[in-house]
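First chain A sits with chain B, and in the next complex the same chain sits with chain C.
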Partner chain A sequence: MNRLMQATLNRQAWAARPWIWSYVAAVLVLIATWSFTGGAGAGELLSGALSFSAFFAVAGLGQMLVITTGPGNIDLSIPANIALSGALAMKVMNQQDSLIGLGVLAVVGCGLSIGLFNYVLIRLLRIPPIIATLSSSFLVLSVAIVYGRSVRIQPPEGVYQFATGKVLGVPWVALLVMLLALMMAILLKRTRLGWGALAIGQNPRAAALAGIPVERIRCCVYMVSGLMASLCGLLLAGFSGGASLSMGEEYLLASIAVVVIGGTSVGGGCSNVPGVWGASIFLYLLVSMLNTFGLGAGVRMILTGCIIIAVITAVSGSAVSQAKAR
Partner chain B sequence: MSIRSLSQTALVLMVAALTTTAHADTADRRIALSNNYAGNSWRQVMLESWQKTTSKAVEDGLIAGADAYTTAENQATEQAAQIQNLILQGYDAIVIDAASPTALNGAVRQACDAGIVVVSFDGVVSEPCAYRISMDFPASGVEEMDYIAQRFPDGANVLEVRGLAGVSVDELIHQGIEAGADKHPQLKVVGSVHGNWSQTAAQKAVAGVLPSLPRIDAVVTQGDDGFGVAQAFENSGRPLPIIVMGNREAELSWWKKQHQANGYETFSISSSPSISSLAFWVAQQILDGHEFPKDLRSPPTRVTQDTLDDALDGLAPGSILTEPYTVDDALSLKAATSSQSAE
Partner chain C sequence: MLSQRSILSSSSSSSSASASAATSSSTSPPTSLVGSPEWRAHIPRLLRTLLPAFSLTLLLLAIFVMQPRAMSYFGLNLMLNLAVPIALATIAQMMVIAINDLDLSLGAFISFVACVAATWLNTHPVAGALALLACVGIYALLGALIHLRQLPAIVVTLGMSFVWSGAAILLLPSPGGSAPDWLRTLVSIKTPWVPLAIVASVVLALLVHLLMVRSTLGVRLRGAGGNAQAVAKSGVSLFKARVTLYAFAGVFGVLAGLCLVGLTTSADAGIAMRYTLLSIAGVILGGGEFVGGRIAPIGAVLGALTLVLAGSLLSFIHIAPDWQIGAQGAILIIVLALRTLANRIGARS
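Take a look at the complex of A and B:
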């Protein structure tokens, strides 16, 4: 009897934390890679995973907040935003450490404006978010093309050192993103904006009737997403020695994938901060593992698809049992 | 050298002598560029080159118009629809950088049937009625391996960075690398990743696979990925391998910096983005009544240690090395390929 209760409790503990699956998957993939290489380069791989997943995680956190506000809400302007912000940062900083502060301000302003612009399209022109953010992404990318035609300006030494530096083997970027994730968790759990976003995601009508300023919160949510994407652009440009137009491309699907794999409900109303990070690490390790195995591109893509489906099934399976447990 | 190729050469020379007077025949013709993608530096320079060449040609009265159209989504279906629109708009020639070698064939056929000259370049189409201008991609792969073999006569571990999986150009260069590995058995390809022709993607892919690899002596790339590879190696703390570059300014600047610091030497090869102007001149010449073979090879642009400084001179940051093509280049292209096929 006691044992049964214990098992039920365990089950509930797992079910309440769908993000665990992304970490489980990441660890399994890591073990598989290590067993293939005989443990060679273990630290190198882990450290690389922390740096590269940090970029996915930043963009993913913004996307997560948007998706939290319910069906239909999505930000497709993230890749273009990353391209523009990276270019803007490198141009404003102009390789000088003294201009870093100004560059960061410009990037923050750029991200918030893109978010606001998205919201204006959605609200004033009554365009569905998926179309609004897609079309704004074309506009933003065009600006990036015109503005940043010659964008591979090296980052200032300070930014480069920060983006590629490590402390005790842990990349600075990873620490920064951990901080951002923590702030996002606090925002969701402890602030009116976070509560409001969750409430809107669960039922926008009920939220409005309960006196939650639905539109103001949606506006903030898109602005935060824009801000996160632009920070991602800045860090990425610093990390890879300059911005490029195609730099954000993979973030269109990746930013959504890390949110879903991380256990955030696509239907909204339920978000999951640790899962975004876990899923980012998992995705990076997965690609590295398949590359390490030396499989052909076709097989790699099929396996990537199958493994992602498996993880999402595990995540949503636990979400269902969670719902039943209630 | 047969009599046939001799007479062909003579013909070409005659044509070359006549071209300056033959131009005016295309003054009322219009050429369109159908392009599937604009989101990287190569395509940007390609479009710029098109714009520069064609606006001059319009100004000189050689052609009535030469508009460039780029699809937003890099989808073959979208580009097929775009080509159908261009047919309806009554262009006399359509120059295509195609999203797919096969998926546009239906639309290309329609254009040919409507009497429109179709010239594809870079991303070429397989429809027989169209002209194709591209670099000899497999040969460039072999050339990369030749360079490495010459640098490492006693053998080397090579990492291959490929392009976008599923795109024909990636497959062609890869075939060249494989042929090079067969030709130089001392070179061992110990790993292969897809860098998607993007510095950031290449950096990530290489950083992910490096921990599992032995010492890497050399890296072969496909262009727009060499700088990312260098970043991955610098961050990993491993010794820098010989990275074959792809003519991007970032890559060449990095190379120069390394050379000044420690005598680093490498080699760079890629197709020139101004191949769009070459395609324009070919289309214009065909409209003017000249005959070309359907398959044309454009020469690759190379950079060696000796030409590095010249290559970097005047190259804008973020740009890519390009060679301006003139109408004479289009004609000499024709000469080179026809004498080749006659041999």
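Take a look at the complex of A and C:
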């Protein structure tokens, strides 16, 4: 009897921390890669994982906040936003370190206004966020195509150093993500905006009746998501030596996948900051593991898809049993 | 069956015809609808139903004013050539949307089907046909997986888009292959007076309307998306409903791929990637909604035609290709704004 209770308690403790699974998966993939290479290049792999996962995590944190506000809330404009912000940053900075501040301001403004535009579409046209952010992403992508068509502009030295540099072996971008994640956690746990977002995700009607300014909070949430995506665009352009139109493409899947794998409930009302980062690391390690195995592009894509679906199935499975346990 | 219809009469906006039929079956003395207060309640629904046809007519008029020569058998054929695969893709997407899911792998799936058709179906017809059947089976399995484990369809289908793309690349690493002769002949039949694309669209719209709006099966399937609890209590298996709808989506996806490869005669691994977004836009333009099993098959086909013709119009008025995606987004927003307006007018009256 006692043992049974202990087991139940343990189970609840595990279920309360669904983000653990993303780290477990990441470690498993890491072990698989190392056992294949015999441990060669282990350090490079880890530091690569820390920098590359940072970009997924930045975009994912914004997406997480949007998904937290309930079913149907999702931001599909992230890829277009990344493409436009990257191009905007590189153009405004014009390869000069003195213009970095101005460029960052421009990117912040761009991200906030794309988020605001998304919200205005959702509110005024009363359309589901999926289709609103999809239509706005068409417009944003068009602007990015027209605006960023000129030759590839290199990032200024300062941005390039920041995006690729390390301090004590840890990439700067990883530290930035830690900072952003901490801010996001504080936002969710300690501010009215965060409480409001969680409350709306759990029950929008109850939240509205309790006096929470639902519409103002939804507006802020979409603006924060836009801001995160545009920061990701800036970092990505700095990291890869210039902006390109297609650099945001994979972030449609990645931003949603890291949120869900990271243990955030798709039904809203329950978010998970550490999980986003763990899932980002997992996603990067997965891709690099398949690369290490020397597989062809086709097989690699099939395996990526299958593994993502398998992980989602495993993670949601535990969520289902958790709901049943209640 | 009567009781189920009346449950749904409040949620089905698919067409004014079916809605009025359902209403007249729920109010026992069948009175003439026009002139009664009920008629006023139908105004928003009517406006919404007519909106896809209205926007398509507007677009056609604009095209004929810009380019009078387009109004001929040849001109229409040229403009609407690629409309049929897009209409089929839109219907496939509509099946998934009917159960409140979204298929983000449709473009990759149709590309894969096109690759199968341009390679195996041509060289080993039996193996090719079996592979396509297996594709439909995989769709049904996806529906089962999503239902049993309560997974987010968006993530599962995004994952599947990798799988289909990867398989397509394995099959056809570089553009090529060739469509079977029978397929090419089939899609280039010269019908009298009206081009095949229009005939096929009309037939498709009516058939799917019969299947999804008029038939008992269709009412049950839409009900599963509209009010899952009520339908489950009336004894319909939600599991079966989702699996059926996903299988339907697979069937129409396969048809779209076959049709596309018949028209283009060769394939490549990314041939239909933009169909994912086009199909979603088509469903929404046609008056479907993301929640509540509200779908409109005729509207969806009209929506697909609208999107295809919008491309032609944009090139007639010399909009730079760079702005074409943006213009499609703008058209989507305008139509949705008109719909909101129609709803407001309806609410006021």
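Criterion: the second predicted complex is superposed on the first by the 314 of 326 C-alpha atoms of A that agree within 3 Å, B and C clash if a C-alpha of one lies under 4 Å from a C-alpha of the other, contacts with A are read in each partner's own complex, and residues count from 1 in each chain.
Heads up, the rule we're going with is that contacts are C-beta pairs under 8 Å (C-beta built on N, C-alpha and C of every residue); 3 or more make two chains touch, one makes a residue touch a chain.
Only a predicted model underlies this, so the values are computations on that prediction, with no experimental measurement involved.
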When chain B and chain C are modelled together on chain A, clash or fit: clash
Partner chain(s) touched by A:Ile153 [first = chain B, second = chain C, both, neither]: first
Partner chain(s) touched by A:Gly294 [first = chain B, second = chain C, both, neither]: first
Touched partner set for A:Leu141, first chain B, second chain C, both or neither: both
Partner chain(s) touched by A:Thr37 [first = chain B, second = chain C, both, neither]: first
Partner chain in contact with A:Cys306 - chain B first, chain C second, else both or neither: second
Which of chain B and chain C A:Val260 touches, first, second, both or neither: second
Shared contact residues on chain A - chain B and chain C: 138, 141, 145, 149, 297-298, 300-301
For the chain A and chain B complex, residues of the former touching the latter: 33, 36-37, 40-42, 44-45, 48, 51-52, 138, 141, 145, 148-153, 164, 236, 239-242, 244-247, 249-250, 284-285, 287-288, 291-292, 294, 297-298, 300-301
Chain A partner contacts - residues on chain B that touch it in the complex: 38-41, 44, 72, 162, 165-166, 191-194, 196-201, 203-205, 207-213, 227-228, 231, 235-236, 248-250, 316-319
Residues on chain A engaged by chain C in the complex (per definition of touch): 72, 74, 121, 124-128, 130-131, 134-139, 141-143, 145-146, 149, 252-253, 256-257, 260, 266, 296-306, 308-309, 312-313, 316-317, 320
Complex contact set, residues of chain C against chain A: 102, 145, 149-152, 154-156, 158-163, 165-170, 173, 277, 280-281, 284, 289-291, 320, 322-330, 332-333, 336-337, 340, 343
